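I'd like to ask some things about the structure below.
So that you can tell them apart, the chains are marked A, B, C, D, E, F and G in the order they are listed, and the count of residues begins at 1 in each.
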Amino acid sequence: MLKPLGDRLVIELVKQEEKTASGIVLPDSAQEKPQEGKVIAVGTGRITESGDKVAPQVKEDDKILFSKYSGTEVKYEGRDLLILRESDVLAVIE
Amino acid sequence: MLKPLGDRLVIELVKQEEKTASGIVLPDSAQEKPQEGKVIAVGTGRITESGDKVAPQVKEDDKILFSKYSGTEVKYEGRDLLILRESDVLAVIE
Amino acid sequence: MLKPLGDRLVIELVKQEEKTASGIVLPDSAQEKPQEGKVIAVGTGRITESGDKVAPQVKEDDKILFSKYSGTEVKYEGRDLLILRESDVLAVIE
Amino acid sequence: MLKPLGDRLVIELVKQEEKTASGIVLPDSAQEKPQEGKVIAVGTGRITESGDKVAPQVKEDDKILFSKYSGTEVKYEGRDLLILRESDVLAVIE
Amino acid sequence: MLKPLGDRLVIELVKQEEKTASGIVLPDSAQEKPQEGKVIAVGTGRITESGDKVAPQVKEDDKILFSKYSGTEVKYEGRDLLILRESDVLAVIE
Amino acid sequence: MLKPLGDRLVIELVKQEEKTASGIVLPDSAQEKPQEGKVIAVGTGRITESGDKVAPQVKEDDKILFSKYSGTEVKYEGRDLLILRESDVLAVIE
Amino acid sequence: MLKPLGDRLVIELVKQEEKTASGIVLPDSAQEKPQEGKVIAVGTGRITESGDKVAPQVKEDDKILFSKYSGTEVKYEGRDLLILRESDVLAVIE
């Protein structure tokens, strides 16, 4: 199992189709495009400069939108995973 | 539903016309131009380095002006949405 | 009405003449030139990293000098307005 | 009257001669050269990230040395003035 | 023995094979690839700007994933070691 | 007299010889070389973001080593002076 | 004697050989290589933005590894010394 550190998350990638399962269609533009993923594991949260721990806002199994090109890809037990910081998460899809 | 994280907002874009409904005419200059939107969803607010949460100043249904080219475009359930940070909001239109 | 967020102000531009009404003559040099404006609306103030709110120093109807090329232009109800941060205000003209 | 904001000062420029009145001769080198000025007006001081106000160290009528090319030039009521931040002041000449 | 300072760790490198012992296959892409290592020694933790010490999250013998190209290589007593900051650790492999 | 502000010092330059009076020989390398000076005047100290004043560590008449190319040169009453920040001081020579 | 300021250290360089006395062999790669030194003098420690002093972790006579190209070289009383910040120290060799 991968246990992410601090404000990091492990995400399973949701393959991009023209229209995703949750109904999101990614526009065909020059702007930065978000990508969809499912949260597999959550770190314990970031530590601020005052020494306080900030609890993560996302939890396991959350479906999220995140900025493409953020995070680090890794294949683990046959799954395409991505380790990214919670600050790269744009929104939770409910 | 998209639930934005931290100090992020989900905005529905208001299409730019030469003169918008609220009476704003965008000048024809080289400077950065603002864009109009309606707030669809609001995050829980940013966490400062002292660990304090800053409550968002905008709320759902607010009409806002924001810096063009800020945020991330996404199509969701047929609507043109934008996820941006509250710090990219210039003003609320009342 | 435009209600600026945080440490932002809405300013009405004062057209540059060779000698402005308040007696300021802008020098003909390569340095950054200030511009004159009147404050139309004031945000609630910036939030520091300790979570404290800093009250704005300028108020409505103040005449101010600000750094040229700062802020974002917008036309609203026929007026040339500019939304800028209080930190871009150089001085109040009294 | 110009009332500078925050940690800004209004300075009246002292014209550079080969040897200034106070005995400072500016060296003829490639390094950044300081410039002499008289303080005309002082802001209320900068606000730190903890929300504390830092009282200005210079006062009206102080003669100061400051880094050339810092600040913003303005002509006001026939005088060559400069608006700069206190952090650009190198030393007070006593 | 090497005793790392602050938020640094000493890591023994795990040689990259096409499929590593723990089942991680590194994808063949243009993105930044993580690397696997075993923690040999842990510093006492970073000091925040508030003067608080943040206890390290990893411990000796932990298997970790870290960003390739982070840290400083050193050979010590015949072993390939790497000294890196805990913030470069992506996840602990459990 | 020059009274430096905040964390600044006024330094009198010690001319570089091949071997200086205090026995320091500057190596002939591509690295940044330090320079020797005598402290003439000391500011009241820097103010941290928490609003605390940090007392200067050097005092008048201290001989110091500082990074070459730091600070601002000024000639004052016939002396070659330099105004620099205490953070540019490498060491006191005792 | 050289007395370093704040979080600085004075280090005596240990000449690089193919295999150093402590058994460290520096790898022949494109990555940044560490260098070995002995601590000669230690500053009183850095001051955080909260005004707290952080005690140094290294002490006199410690053998350390530090990032090559960090710090400032100086020859003093016939010895090759280096003044560097404690944050450039990678590890203490015990």
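Things to note:
What we mean here is this: a contact is a pair of C-beta atoms (placed from the backbone, for glycine too) under 8 Å apart; a residue touches a chain by one contact, two chains touch by 3 or more.
None of the values given here were measured: they were computed from a predicted structure.
Both subunit A and subunit D are touched by no common chain. Chain geometry summary: the mean Cα position of subunit B and that of subunit E are 40 Å apart. Chain centres here are Cα means. That of subunit B falls 22 Å from that of subunit C. Distance between chain centres (mean CA atoms), subunit B to subunit F: 50 Å. Shared contact sites, meaning residues of subunit B that touch two or more other chains, fall at 48-50.
With the ring opened at subunit A and read toward subunit B, the chains come in the order A, B, C, D, F, G, E. Contact residues of subunit F toward subunit G in the complex are 23-27, 29, 31-34, 48-50, 52, 54, 57-58, 65, 67, 86-87, 89-94.
Touching subunit G in their complex are the following residues of subunit E: 1-6, 8, 10, 41, 44, 47-51, 69, 72-77, 80, 83.
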